[in-house]
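Got a structure for you, questions after.
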Amino acid sequence: MPLSPDQTAEIAAARATPRMTLRAVSEGMEAHLYRAHDVLDHGFIRVIDYMGDDAAIVQAARVSYGAGTKHVSNDEGLIRYLMRHWHSTPFEMCEIKLHVKLPVFVARQWIRHRTANVNEYSARYSILDREFYIPAPDQLAAQSTVNNQGRGAVLEGAEAARVLDLLKSDAGRAFDHYEAMLADTQPDGSPQQGLARELARMNLPMNTYTQWYWKTDLHNLFHFLRLRADAHAQYEIRVYAEAIAACVKDWVPLAHAAFEDYRMGGENLSAKAVAVLKRRLAGEVVGWEESGMSKGEWREFVGVWG
Amino acid sequence: MPLSPDQTAEIAAARATPRMTLRAVSEGMEAHLYRAHDVLDHGFIRVIDYMGDDAAIVQAARVSYGAGTKHVSNDEGLIRYLMRHWHSTPFEMCEIKLHVKLPVFVARQWIRHRTANVNEYSARYSILDREFYIPAPDQLAAQSTVNNQGRGAVLEGAEAARVLDLLKSDAGRAFDHYEAMLADTQPDGSPQQGLARELARMNLPMNTYTQWYWKTDLHNLFHFLRLRADAHAQYEIRVYAEAIAACVKDWVPLAHAAFEDYRMGGENLSAKAVAVLKRRLAGEVVGWEESGMSKGEWREFVGVWG
Amino acid sequence: MPLSPDQTAEIAAARATPRMTLRAVSEGMEAHLYRAHDVLDHGFIRVIDYMGDDAAIVQAARVSYGAGTKHVSNDEGLIRYLMRHWHSTPFEMCEIKLHVKLPVFVARQWIRHRTANVNEYSARYSILDREFYIPAPDQLAAQSTVNNQGRGAVLEGAEAARVLDLLKSDAGRAFDHYEAMLADTQPDGSPQQGLARELARMNLPMNTYTQWYWKTDLHNLFHFLRLRADAHAQYEIRVYAEAIAACVKDWVPLAHAAFEDYRMGGENLSAKAVAVLKRRLAGEVVGWEESGMSKGEWREFVGVWG
Amino acid sequence: MPLSPDQTAEIAAARATPRMTLRAVSEGMEAHLYRAHDVLDHGFIRVIDYMGDDAAIVQAARVSYGAGTKHVSNDEGLIRYLMRHWHSTPFEMCEIKLHVKLPVFVARQWIRHRTANVNEYSARYSILDREFYIPAPDQLAAQSTVNNQGRGAVLEGAEAARVLDLLKSDAGRAFDHYEAMLADTQPDGSPQQGLARELARMNLPMNTYTQWYWKTDLHNLFHFLRLRADAHAQYEIRVYAEAIAACVKDWVPLAHAAFEDYRMGGENLSAKAVAVLKRRLAGEVVGWEESGMSKGEWREFVGVWG
């Protein structure tokens, strides 16, 4: 259970006190505010704040005095045009702030997206909670035999049991020792100094949960989602990206639909790939030998186009 | 008059339709929303949107589930601590979006602050308005004789009149020719092709007004204000910075007060300056020869400390 | 002529003094160092410094102790893989520094690329040169009738002559008045105070030339080139992008070739476009009505695929 | 020993092949290139490449055609002026690329500096080495009793021994299990699938060593050094900052000296602190009650000024 009764009460209190504003409001996003969407075994994402909506994208693109265009259909056409032609600045006019609880090894991938604002829970200042990510059985997978950075078949039987046991027992023991090093008494009750928190934390494994406030604009969020909601992303970050994407869909439905069409569902073709497709459309049979592509590239091409 | 009746009506309409939100609300900032604050002769700033308030800074610094601390006095102490120790990320959790109308030569200084999002009115796509910045008489100053990038005494009499006349007549003529080049008819009514907008604009002077949507976080805004609301900044950008600072004061009063104390009203001392002050505090008389400073540095030091 | 004899001598001196280094060296780039490549009527680009080469990209991607792989063919394959899968960080490991002379209206487009370092010649501090961009006759084009931000046919005859005359005379007069306002004497020789440089500059038109040092990494440079060397970019910035691209080709030939194949020569397909192409490859005739695309989108699609 | 014989040989080979360049060369930095400077028990920093020198800072500030000024004393004065007045862009014209080996918990602090380029060794793709940071006895400190994020007295006797034993045994066991989970055989030699590397890594503790290529410009490096070479930074990152600072001193001695004087050795005073100092300089005795400062602020003030 990621949330304590106190935390649940704080969230309920925050949702119980609506106030008046003159700002742009997204009803879809208001429904998400503060609520924890569970991710993995102990993680979550919570939308803490947002700025702007679909109309704000249009308004900024036009540098206009009022809000959006007169008709939603015009807004949609303009948003699709902006997405198609890689206009990034209008999408930067929307902003989102999230509270995220996530394993450290996921946080280390996530933080590589630099155009965001982050405040992480400090393990120099505070003591971490005893919470670790332990994969569900269907995610406990073997190393892929074809992809150097991917997973293959799910582990089975005794091997799966051994791995789960190791992950759980090592994490538990590491945390016991973390607490023992921090403590001002020894197990027998005699006093000790207690190791500095900034040192003791180094004993914890990378599946320890941490949490942060993370804020970014919609353009950079789409970039994050394109890379991290992608099938090649590691499962443990992909589920966070998917949970965020579901909120984005309710927040800016027009921009999200354009993103789905042009980015997530689209394809990038190289000049060589364009040439092959044009020859095929003209009725030619074109194979790897005539493509000019490497074997890996051809495999990816055939994966999409047959 | 920077705003047309249509624009004024759009702003009034935007202010007439409050809505419910669960987000953090700053009453001080709600009062500013959409309203145009006049700057220079035809410019303005308008707050279009904002995210967060003083409590949001505290909440992010603590990575907490609820909002802020229980007592405002605690919030103030923490905010001052964060500002004093150069913690930048909690201030990044607040965001502001402005609509600004400003002369091109001011926009060129402003844009050098890179950590912001900008959508500028496009003179490739649209035709600019006939509006130019003409300095007020008390701002029509001579080149400074001591500062290579500053102004000295105000121009007087015939010289001031000549300068104003040149600025006005050159701008007016340039705009007449801009329109003539764009037009699809010649002055005599016979047709012509009309020059492309992306070319015709090059004839306009740099006091032409442009406008943009500009969005940044509070940390980077404070950095902007520190440099641009400073006495060494050019007057024409300083007045924009001051107009924005007045809104920030109403938006996040605690953070603004800390900024005033530690940044705007504070001083940076070099190691050499620290040494001089310590010797003076010990009763020594220390002059330039003993300071190890250059003459320019000493002049600045004496300007503050006597 | 963009360069004075003094400047030419400084460049020759810089090229006459080779020194020893243990750093990665790109012979192709050494040939460009300091030399001015003319752009437009008075502009140029000059490569002032660079960091890294193709092998440095590979080295960083592998976090290796030595340089690159053993075989160039391996480097090429890895670089193409990185480009195909949008790995940006290895390309960020190369850096370039340019000295650029360019019209102000071009500089205003260019500066929108924020992930770069810029030092611009200061017109608060210094007096600008009397140099303006005047389009060559074959670039003096009418407004496009189909593209709101593009040009159409070249102007002809009397209209072209009128436009050229206006651009030249307005720029010349504006510069005369700039000098007159700055001067410490009036035309009749009697003294005057002289307007501050930071004010006088506002009288100059946007085709005035400025110059800057501009430094960026290879990933962000490729992004700049993709947008600015594109056929939809304004001609006056495209020629700068093309001049830079020619240097990049000599600097990092493998990375440049991958960029050409995957970015400049490639195509982005939306999910809708993928669906249409797959149906066409299966022998179906698919027109606009069945595509689900807007008219503008379909026009762009047909422009590529027929 | 952080380097294997192969790695040592690669470094020697890189240092054995000087080449000619026309670029700016810093002799002080050439002496550092590729060499590993040991940090902590298994870490290092190595300078892999650099761009620019002191003269390049001056050249960019002046947007000049040649290199620097005629006299080093002029360069020094200008560099000090730029540093004193917070001109950041000229310092951005120098760039450095480092290869760093560091514990994960240090990497997590380091990466918070976002304006840098990073390529980290991938534990999805590769298997990590069996190397952990174990503090030296004089760094094994208790939690500070006055600073929530600092250390106090060094642990002694049995407690120190217990902590070292826990850190070593937990890290060793975690790595044994990491290898066991990855292996394609069980300890008894019978085959198993082997857990995916991207999952197995989560069992490793945060004192595991990782490595990366890290590239940044001199302005942002100075900012990093100011925060991380500071006495309040955690020891384990401070020693990296100090090792880098020693290289910077040899690379750009004038800029480094200005940085030392204005940033590392300087002091920031709030408006309140300025007021107190001015009253003291005028002979008044001013204590906490009259200062308007909080107790924490006053303690810091007295720490410097008595």
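Each chain gets a letter, A, B, C and D, in the order it is written, and its residues are counted from 1.
Heads up, the rule we're going with is that a residue touches a chain if its C-beta (ideal position, glycine included) is under 8 Å from a C-beta of that chain, and two chains touch if they have at least 3 such contacts.
Predicted, not measured: the structure shown is a model, and the values here were computed from it.
The minimum number of touch steps linking chain A to chain D comes to 1.
A rotation of 180° superposes the C-alpha trace of chain B on that of chain D, rounded to the nearest 5. For the pair chain A and chain B, the distance between mean C-alpha positions equals 35 Å.
Chain centres here are Cα averages; for chain B and chain C they lie 28 Å apart.
Touching two or more other chains at once are residues 89, 112, 118 of chain B. Taken as a contact graph, the chains are fully connected, with every chain touching every other chain.
Chain D makes touch with chain C in their complex at residues 3, 6-7, 10-11, 13-15, 17-25, 30, 33-34, 48-52, 56, 59-61, 63, 65-67, 89-90, 92-93, 95, 97, 99, 117-121, 211-213, 215, 217.
Against chain D, the residues of chain B that register as touching in their complex are 77, 80-81, 84-86, 89, 112, 227, 232, 260-262, 264-274, 277-278, 280-281, 294, 296-297, 300, 304-306.
Residues of chain B that touch chain C in their complex: 103-105, 107-108, 111-112, 114-115, 118, 122, 124-125, 133, 135, 139-144, 148-153, 155-156, 159, 162-163, 166-167, 170-171, 173-174, 177, 180-182, 186, 192-199, 201-208, 234.
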